[in-house]
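Data first, discussion second: the structure below is written as structure tokens.
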């Protein structure tokens, strides 16, 4: 019980300081990066839901981000719908498509599943690229209404700070919803599926429905992330939603901590900020990235959060010995 | 009309042969070791770059360079197995896949560092065009098809006729029994990766001679390779061969007779339909 | 002690957070400080594709900018009033990627306090930046990026030295028509707007002679096997092949057309120097191919300064310059003259009005066609001449200029503004 208390206090303090971040950070560029990281938190929590908790590695989050981004952008630009509406619709629209994708994909497991989702990501990319009349093809969509500008009029903060709060809200709500989900019966069943699918099936749980739910939910989160991205940057084109982006989502979850709530948060910041610090040696960036992935998988397969957790436990253990 | 069709088939067989070669390297690793070796494409690219250097700096002829590079590739494969994949062999299979992704990045980064970002085309002297009626085929393509056939036959002979090959098959069928029979089971993964990487290097050589080696190319090929695997059956050698040719020819016919923009979609749609209707692939065994 | 243990988690985390923020702020302040510390130095920003698929266009631009900056610095720098400012370059690699480009430019403007942005070889990255640069206190000089919509937005602070692709297409269509060709089969990167717009304007002019475009096949940047498309086209018996798109796949189209036994006239819109084609095809396979494009770096058609540029570039970087690289070289001189005329580094509005009204700088390498004496039209667009080149014995030969009408095109471009 005390532990729960400290978690709440801790979270409150983190959120409190996060609320003051725009005031502290003087260089707008770093706020810009933080916003990207928060958008990634939304996507990574989705990846974590299907990968970390349910045990199915999907390589399609990038593609689903694209679906969310393009739907919101097209509806607001071409049909003139209000941006709040189109953004709110993104999880729904992406979720619908995810049902279509999930149906064949979930018929198989493990590697098959991963590769099929990868194929779907590529199909999404190819359609976005070639269906020029709708998506603008490689030239992309420009002049997407920036939420930051809309908000700054309303709340009076600068465009960047306004969007920061929106992204923070989205990240917090997504993480909160995942927290509720994991601690519910649904969540427990998902974990059971990851641990032993045959057994879970055997005791009569409708695993098919749960798997589909997890897949659709994770895709919806990616869609929301994509929508936020579109209305943040103001320009999208297919290159942002490739398999490479899906691999970033996997990286974020693995490095941060697969199967934990905090893991995707940490992982998202790593994925966004690490390339900045690796920019010193552009050529080495790929090699370092890859080595980090390999070493993390061999030595830290449960991610940063787990390692830090173990460290803290050890520290507590030492203290209690005193 | 007929000659156009035949021409397209020949075009498709060339690219299909390369897909088959790549898929072969993937299928032995997946079928026997259960690893989705995504980095295979990057190894093929490394092979291509290496052969380019052998041609330009050392002055070896094309096939001579391949003969030198393939054993080098085998050594690389053994190294990768020992240091990248073996540490996670007891963990969940997802970890091996993540390792594969990391390896892809490392090898791609190394390629970028050593060979730069510009595309590399391996020059050969096989430029003569042979005409059979209205159908034209350039010498190089003919040699690529022939060499691919030889390599496939060679590999099949190895698996079926030699004692090492038999050991490999034994481990594939029943690892525990193989240990009991006294087979050195730790040697087998090294051998598999050696074969896979050698074949990958050859595939890279052909891609480099017919088309071009450049950053990003390896990923496209390995994804197609997995499409072939899924079509032909994960772990099936004849499946990899047949699947590769089918996908190569379908892509070409689709580009030639329907539309060239959506050429790449063919492979992925094939994957998806096979998943829907027959997940074990055309020639695979029914196991989930 | 029990209280200590329970508080260690949230306090520890808070502490790490504060350290992180402090580090970030410190870093930011340091960078800002060092940026301000160097007086008599003008920092310009370059955002270009230095790695990845776009590097073929981006690296030569980067090199060209370096060359121009070294030239200017060697002669004393930029003269504003009594002071001489040496130019310093901060460059970021945008990998021709929209997100990277946005990050790069944000960094340049926010963190590095740069007001003048050069480079921009590739359309996806450039379009992303163009979508927000209008609101920034900065000037954006675009180079090789050829997407038409970049200059139809009516942005006062965006100028482009390279003309949009369809400006050259019409002239090319008239040229091919003049050769008596009737049946043209096109293979191109037609999914990319500026290549398909080239084809559109080409077709408009070409069909006036009673000819027809009998096929429109596509390839993408990464494709290397165009034998399916060529086989299909071969069966239609064209008089000529029109190849529109990126150099790398285009070179394969030329090579594979020969390998499939095709013997038709070949026209193209690809740019690219001899080296780039010879890595893929032999000189015999390229013999007779035409390239119909902006004049770019053609030594026979330009002033002697072009030869000087060619030699200096080759000496400094060890390779021949890309024909499109001077678009970036010229950007630097445009900036130099505008700043010197405006007499200020800080007053962006003044600098913009100087660029908008300036004549073509004498040091410019490309052959521009000014409109009413001004280098840039009301869209911020500059226009070069278009020419026909033909490959003969291993080299591109300048044959003639194509008929071009920049004034009419400028009006057309203006009409596209939403």
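The first chain written gets the first letter, and so on, giving A, B and C; residue counts start at 1 in each chain.
Keep this in mind: contacts are C-beta pairs under 8 Å (C-beta built on N, C-alpha and C of every residue); 3 or more make two chains touch, one makes a residue touch a chain.
Bear in mind that the values here come from a model prediction, so they are computed numbers and not experimental data.
The chain with its Cα centre farthest from the Cα centre of subunit B is C. Looking at A-B and B-C, the interface holding more C-beta pairs in contact is that of A-B. Spacing of subunit B relative to subunit C, judged by their CA centroids, is 37 angstrom. Computed centre separation for the pair subunit A/subunit B is 33 angstrom, with centres defined by C-alpha atoms. Residue positions 130, 283 of subunit A are each in touch with at least two other chains. Residues of subunit C in contact with two or more other chains: 51, 191, 220. Shared contact sites, meaning residues of subunit B that touch two or more other chains, fall at 112, 261.
Every residue of subunit A that touches subunit B in the complex is listed here, in rising order: 51, 55, 57, 104-105, 107-112, 114-116, 118-120, 122-123, 126-127, 130, 243, 247, 250-251, 254, 283-294, 297-298, 301.
Within the complex formed with subunit A, the subunit B residues making contact are 30, 36, 84, 87-88, 91, 93-95, 97-99, 101-110, 112-113, 219, 223, 226-227, 230, 234, 261-262, 264-265, 267-269, 271-272, 275-276, 279, 288. Remark: subunit A residues 2, 5-7, 9-10, 13-14, 17, 21, 24-30, 32-33, 36, 129-130, 132, 136-140, 142-144, 146, 233-237, 239-240, 279, 282-283, 312, 315-316, 319-320, 322 touch subunit C in the complex.
In the complex of the two chains, the subunit B residues touching subunit C come out as 1, 3-4, 7-8, 11-12, 15, 112, 117-121, 127, 129, 131, 136, 138, 210-212, 214-217, 220, 251-253, 255-257, 259-261, 263. Put simply, subunit C touches subunit B in their complex at residues 51-53, 55-56, 190-191, 217-220, 222-225, 227-229, 231-232, 234-235, 248, 252, 258-261, 279-280, 282, 285.
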